[in-house]
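Naming follows writing order (A, B and C), and every chain is counted from residue 1.
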Amino acid sequence: MSLVELPTTAVPPARRRLAGRGLPLLRGTGLVGHLCAIVLLGALLVAVFGAAIAPHDPDLTNLSFAFVGRFQDHYLGFDSQGRDLLSRLLAGARTSILGPLVVVLLSMLFGTVLAIATAWKGGRFDTIVSAALDVLFAFPAIVLAIIASVVIEPGLKAASLALSVAYTPYIARVLRSAALRERSRDYIAALEVQGLRAWVICVRHLGRNMLPIIVAQGTILFGYAMVDLAAISFLGLGVQPPQADWGVMVATGQSGVLQGYPMESLCAGLCIVVVVIAVNLLGERLSDRSTLVTR
Amino acid sequence: MSAADGRLLDVASLAVQLPVGGELRTVLHDVSFHIGPGEALGLVGESGSGKSMTARAIARLLPAGAVTTGTISYAGGDVTALKGAALRSYRAEVAMVFQDPRAHINPVRRIGDFMTEALRTNHGVSKADAVARAIGLLAEVGIADGQRRLEQHPHELSGGLLQRVMIASALLTEPRLLLADEPTTALDVTTQADVMAILDDLRRERGMALLFITHDLELASAVCDRTAVMYAGQLVEQRTSSQLHDDPLHPYTAGLVGARPRIDGDVTRLAAIPGRPRSAYEAPAGCAFADRCEHVEDACGEARPPLEPIEDGFVRCRRATELRGMLRAGGRHG
Amino acid sequence: MGESAVPLASGPSDPSGSTGEALLSVRGLTKHFGTNVAVDDVSFDIARGGSLAIVGESGSGKTTIAKMVVGLLAPTSGTITTCGHDRSTPARGAAERRRRGAEVQIVFQDPYSSLDPRQSGASAIDEVLALHRGGSSADRALRVAELGDLVGLDDRQLRALPKALSGGQRQRVAIARALAAEPQLLILDESVAALDVSIQAQVLNLLADVRADTGVSYLLISHDLAVVRQITDDVIVMHRGVVVERGATRDVLDHPQAAYTRLLRASVPTPGWRPRRRSEWTDAPDLSDVSDVSAG
């Protein structure tokens, strides 16, 4: 009896054990994936109900409490204007999370439609659209946001729209290669031969089979959108003060940081970091899983 | 065991188990054969029967965690015990043509690098010499513009071209034993004839031994001295090739012969074997072929029959002597 | 590519003969890919209930012809007519597309990519039925079971996702799906090549039965001359985009005339066969164009 030991590409046992277990939507993402999903679910609940469960009025200023630390039921203390910090964090969750969500939904919608259309049509249509997207790709998101805030009034709407447009070429490019791969499969040709309409095949088969990749890409994009939106708000082009928003709070907290009261920037920044990390870890795992499925 | 008995490769009672989902799964069970210099042994069988695993076990390329029992000896030495320099020098003499060339050729490197690397690093051949030899061999397998092909990347070549690149690169190092795993499946018959002619010449001129894996019984019979038939991870029959076709001893062999349409003669309904081919771990307990065999008896399900010598070959069937001669007729019916 | 020196043996599929009731009629079909002429002036007919094979080496344009006939590729020139309807230009409108689908269907070579990985066999067949014949879902379910019966798939296998099926079973699903449109012509592009010997025999028998039961015609594309003999009446032999020989399958295989057909026939391994290189073929006059096949 002899053991033949040679290198291999087998799945490490830890990964394998978790594969095939868990919620159907998250199957194969492992323990980390599930933990991230819980964090994100919590964040989403806060985004929806945050303003309602805030213990105090997030916009009530009381300058005599400026930069006061923990006090009675003001667990995180006050900001530079003497507003309750915890309440502002809870209320600010709405724009901070729903903003990126809108960006993701819009850019995924534009990107997917363009990706499938170019992959399906091919030829000159593909060449022209791809070239146009390459041009758009050259514009930094921030530049687009400045343009949008000039054309439309500065605010969440302008910033989200600008980001959605800025992300579309990237998404279209990534999904186009996936769509092309799927398009070249014989089952798509078989459906064409049957006489099904192109858009029916695209929605019912091509699009549906790309769903895992679409979800994975969207999740990863959410993290970017959140950081970029916060940056835009930080620059004063996004959500306008005094409305509560994590990105805005990082910006307005600056004065406090200089005076030795970093709580506002720190707490808002921490919220952003936690959500972004959770989203990215989950996105990576979904994306790994989707490459395994489609192979 | 020694090489004195004219055997270059000797495989005896080889069994392989692979770990699948935490447990060991049998993929080969009691495989025995030998090949002498200049000899060609055909290894035939359907998908999942363990042909590639046999070749991989000989080439020492089994997945990690594989458990091998039995012996594989090459020129008298134990292959399973080889390590380090000894293993490298063994691999320099034994070349393998992989079934799936695209998975075994580095996609980011040029064809030229892939083909000449072993020659230059292991055999100390100069770059110019190695390239010249590669172009010469490519021409032999029907690729005329070798110079240009060497500059290309794998994705620029069709499956058939890549398969021929793989064959040429295996032959470059002038191996003493060639393990060819379905080397002509992606080729059309005229190109296949070219490749087989080259392998034939190498055997005759240089005494290269050949293990030729295929699912095409006719091809194996045509080019190999002896042919072994595998089913569910076991050898079920091994014969002189010419006899396998005309006088099969195992019902499965007869079934394979009868299931193939004929290129000459009348068209009759094919005698298809019912069911589908089995892997070793799915096979029934007694005779692995029992659930698909038309000559099955109760006793066949009781114990796994041994591989028994019969005239010039071996067969693994309880009823072999009894059924002798009937299988040929029985192969074509209904 | 030059003219073939070999006179084209006439057979039932000879386009110069009277066409009579031709199901499929292809005339002067040509396809260029850039400067590469993949198919060069090819003509053939398939009679109702007939069965024609296209054989030839890799890259000789067989799949390109199939794709043009089925409408996945537009010809550079030439006409394709089925049941009197022209189909050499793209279909206009859903009804036209559907009618074409009900005339010609195709089964591809690779059983692993020809089914939607997230759709069971039953649902794939049902989708086609809904498109072509409509009816209630109960009616369609009945028909799905009938088609499953025809190709030898039970209820459980029909309901399984492709990944749970073997190559042979997938190919049966693909055949059933193609038959669901009740086509007059079924194109089989290397459809049995990837199957194991024992499964291949089952599918070949199945194809013979289906033809006997439904009167469907076949256009079979294959490298495998034995398979060609098994299920076709007529054959055309292609080499580099041109037809070099045509006739009844038996005659062409038993008495090949064109140099390329003879080479092809002699390359098929049989007991006692000795492999010969193309370059060793000195007895054939015009094999200059037969050596060196290295198309990418």
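One rule holds in what follows: a residue touches a chain if its C-beta (ideal position, glycine included) is under 8 Å from a C-beta of that chain, and two chains touch if they have at least 3 such contacts.
Since this is a predicted model, take the numbers as computed values, not measurements.
**Student:** If you tally C-beta pairs in contact for every chain pair, which pair wins? Let me know.
**Tutor:** Chains joined by the most C-beta contact pairs: B-C.
**Student:** What's the farthest chain from subunit A if centres are computed as the mean of the Cα atoms?
**Tutor:** That would be chain B.
**Student:** Would you mind pulling out the distance in Å between where the CA atoms of subunit A average out and where those of subunit C do?
**Tutor:** Distance between chain centres, rounded to whole Å: 48 Å.
**Student:** Counting only Cα atoms for the centres, state how far subunit B is from subunit C in Å.
**Tutor:** 31
**Student:** As a quick test, compute the distance in whole Å between the mean CA positions of subunit A and subunit B.
**Tutor:** The separation of the two C-alpha centroids amounts to 52 Å.
**Student:** For subunit C, which residues count as touching subunit B in their complex?
**Tutor:** Against subunit B, the touching part of subunit C is residues 57-59, 166-168, 196-202, 204-205, 208, 223, 225-227, 229-230, 253-254, 263-264, 266-278, 280, 290-296.
**Student:** For subunit A, which residues count as touching subunit C in their complex?
**Tutor:** So the residues of subunit A in touch with subunit C come to 185-187, 189-190, 192-197, 205, 208-209.
**Student:** Can you check the complex and tell me which residues of subunit B touch subunit C?
**Tutor:** Within the complex, subunit B contacts subunit C at residues 46-47, 142-145, 149, 156-158, 160-161, 187-198, 200, 215-219, 221-223, 241-242, 245-246, 255-256, 259-264, 267, 269-273, 275-277.
**Student:** Using the touch rule from the top, collect the residues of subunit C that touch subunit A in their complex.
**Tutor:** Listed in rising order, the residues of subunit C that touch subunit A are 70-72, 91, 94, 97-102, 104-106, 108-110, 113-119, 127-128, 131-132, 174, 177-178, 181.
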